[in-house]
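Both of the next two complexes hold chain A, though its partner changes from chain B to chain C.
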Partner chain A sequence: MIEYIIAAMFIGLLLHGIHRKVIARIQGRPGPPIWQELLHTLKFLAKESWIPKTASQGVYVAVVGISIAIWTAALMLLITQESLLLLFALYVLHKIVEHGIGLASGSPYSKFGAIRSVVSAASELPLLSSVALIYLITGSLMLRDIETYQAINGPLLFVAFPAAIALYMVILSKIHYGPFSIVEAKEIVSGYWTEHFGVWRGLMNAAFGLKTFVLLYTFVMVFIGPIGLPLTLLGILILMISLSFVCAITPMLSPYDTVTVQTITTGLIAIYIIYLGVFA
Partner chain B sequence: MKKRYVQLIAIISGILLIILSGAGHQAIVSLPVAAVLSIILAPVFLISVGLLFSAEITDGDIPFMGY
Partner chain C sequence: MFDQNIEGAELFALPFGDIVPFFSVYTATLAAFVVVFILISAFDRPERQLNIVFGGDAYYAKEIKESDTRFSRFMAIACGCATLGAVVTGDVFNFTLFAVLVGITNIAIVASAGNRHVLNAAFQYGIVAMIATVPLFGSAAIILATTGTLSIWTLAGMGAVPLLAKALLILGVMGEGIAPLYIGKAEIIRAQGAPFVLMIHFSSLLLFLRVTEIVLVI
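Up next is the complex of A and B:
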């Protein structure tokens, strides 16, 4: 199990590096090397670490552990091919991390990040509609059943295309430098994790690498199906590059616009679900 | 926090994680049980290893209070 966790963190951090590289190339910059995020993480681990006096010490440290635990649990759900609904629950639990990190410290920047995290709860709406549509089509939310369905009927990507768009938007809202990344926008320094530095920042970085890998792996698993490890990794890479393209060419939206776009997407998918339920 | 305690936590949790992984693969422990225990142990292991990394640059103990 630990080997999966370490490998997923490693790949996730490498994907973050690729993300930065692709964005830089599109914007006409050379960009950092793709292993930059791995180096960042190691650098932070070797930095002097303490807890700011103005922070709530318990929460400040606990959220780091919670963050690792949440995304480890999500990875385990994928490995054991359990319920997509549990994955949804873990994704929602990630809000605790964003709130906790932001509110635990005394910094106004991270508090702003935490408040924006409440606003960006709208990013869960497309996920809800995506899960609902998948259930309506496959008749199950167990990942192993969804994979079996795809092995027989072909990838869900074509049948449940709106659900794929919804999940894509969910991933986009959690990716760095994305149009919906209002919780870590540059005008509030690094947003909710501004005050986490040293080993805490390094571990958060590793946990977020794990998060990126899990979300992309989920997308490939749910919408492409069982295609073997090499093709799955290729699918994850292509997905990451496509996300980088979107991030490179779109500005960061304001909190109001972010919620509006996410709510409209959910509304459109809800209409599609009603159409499927009533007419199909 | 004393560096020795952190070392002890890192070693114990690391060994337990390796044993769990092996036991899970060999079906000595069921996969869900191994997964749940790994979820609990992984943060403990990673945080203690991280603190050990950062303790390398200080005189030993891990400082917990700052400015």
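Up next is the complex of A and C:
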């Protein structure tokens, strides 16, 4: 099991590096090497660390552990092909991690990040509509049943295209430097994780690498189906590069616009679900 | 009810007539997280908020006395217990009761703050949460009237629950603090005490997750 977790973290951090590189190349900059995020993480893990005197110590440390636990559990769900609903729950609990990290230190910058995290809770809604549409079409939320359905009926990407758009939006809202990344915007330094440094930052980097891998892997597994490991990794890479393109050419939206876009997306998919349920 | 391929395998079931408290992989995972957050709110000390002094580059850390946190801590633990109840119950009416209890304890956590903005937010959120009890209990009443039972175990997979009841159940939980009605809680975040404020948001998200499962199952 541990080898899967380490491999997923490694690939996730490498994807973060590729993300930065692609954005930089599109914007006409050389950009950092693609292994930069790996080096960052190793550097942070080796740095001197302590807990700020003003922090709520339990929350400050616990949220880092919870973050790792959430995404490790999510990876295990994918490997064992368990319930997509549980994966959805773990994704939603990540919101608590953002919120807790921001609140723990007492810093106004991280607190702003936490408030924006609450305000952008609408980012969970597209995932809910995506899960509901998949259940309506396949009749199951177990990942193994969804794979079997795709082996018989072809990729869900075509049948449940709006659900794919919704999940794409969800991943976009969690990716660094994206149009919806208001929780870590530069006008509030690094947002909710401004005050987490040293080994805490290193562990969170590793957890977020895992998160990126899990979300992209979920997309490929749920909407393209069983295509073997090499093609799955290729699919993840293509998906990551497409996200980088969106991030490179889209400015960060204001918190108000972020919530509006996410809510409208959910609303459109909800209308599609009602249409499918009533007329199809 | 575990033949519906929604929430993973059955881990435990305790029949009391038609009311069956149960643990699936899904609800057990949620319950484990609730226990962790109850422990955090029970034993962790609050942070000292840093405030910037306007007109200069100075800042100061607010002091918070242990005696000031007692009520918030008690309510945060109560909120955690109510959330745990909502997550593990096998009965729709009990779920609605626990959901209302979560709303009440959320208001209490912030009402203990001495900040005028926070108190205003608590008041406004309280009105929304109180109004939300109407669709919550209304949905339970409709389910009982149309099916003759409130047991999630019995209702699972029957398809007997009217769409209106499901919609009202979701609307009620939304009023207790999830998007888009959560917006009344934005100012609440100014309240001091990370372990307690975190419980407000955590309990709302857990209610949202449980109601999603209930609506899909029944």
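The rule we apply is simple: the second predicted complex is superposed on the first by the 280 of 280 C-alpha atoms of A that agree within 3 Å, B and C clash if a C-alpha of one lies under 4 Å from a C-alpha of the other, contacts with A are read in each partner's own complex, and residues count from 1 in each chain.
Definition applied: contacts are C-beta pairs under 8 Å (C-beta built on N, C-alpha and C of every residue); 3 or more make two chains touch, one makes a residue touch a chain.
Computed from a predicted structure; not experimentally measured.
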Which of chain B and chain C A:Ala7 touches, first, second, both or neither: neither
Which of chain B and chain C A:Leu234 touches, first, second, both or neither: neither
Contacts of A:Leu39 with chain B and chain C, given as first, second, both or neither: neither
Touching partner for A:Ile271 - first (chain B), second (chain C), both, neither: neither
First, second, both or neither for A:Gln57, with chain B first and chain C second: both
Contact breadth on chain A, by residue count: chain C or chain B: C
Which of chain B and chain C A:Ala206 touches, first, second, both or neither: first
Touching partner for A:Ala73 - first (chain B), second (chain C), both, neither: both
Touched partner set for A:Val118, first chain B, second chain C, both or neither: second
First (chain B), second (chain C), both or neither touched by A:Ile96: second
Chain A positions touched by chain B in one structure and by chain C in the second: 53, 57, 66, 73
For the chain A and chain C complex, residues of the former touching the latter: 53-59, 62, 66, 73, 82-83, 85-86, 88-90, 92-93, 95-96, 99-100, 103-108, 111, 114-115, 118-119, 121-122, 124-125, 128, 131-132, 135, 139-142, 145, 259, 263
Chain C to chain A touching residues, read off their complex: 5-8, 25-26, 29-30, 33, 36-37, 40, 43-52, 61, 178-180, 182-183, 185-186, 189, 193-195, 197-198, 201-202, 205, 208-209, 212-213, 216
Complex interface listing, chain A residues touching chain B: 1-3, 5, 45-53, 57, 61, 64-66, 68-69, 72-73, 76, 79-80, 198-199, 202-203, 206
Chain B - residues contacting chain A, complex: 14, 17-18, 20-21, 24, 31-32, 34-36, 38-40, 42-47, 50-51, 53-54, 56-58, 62-67
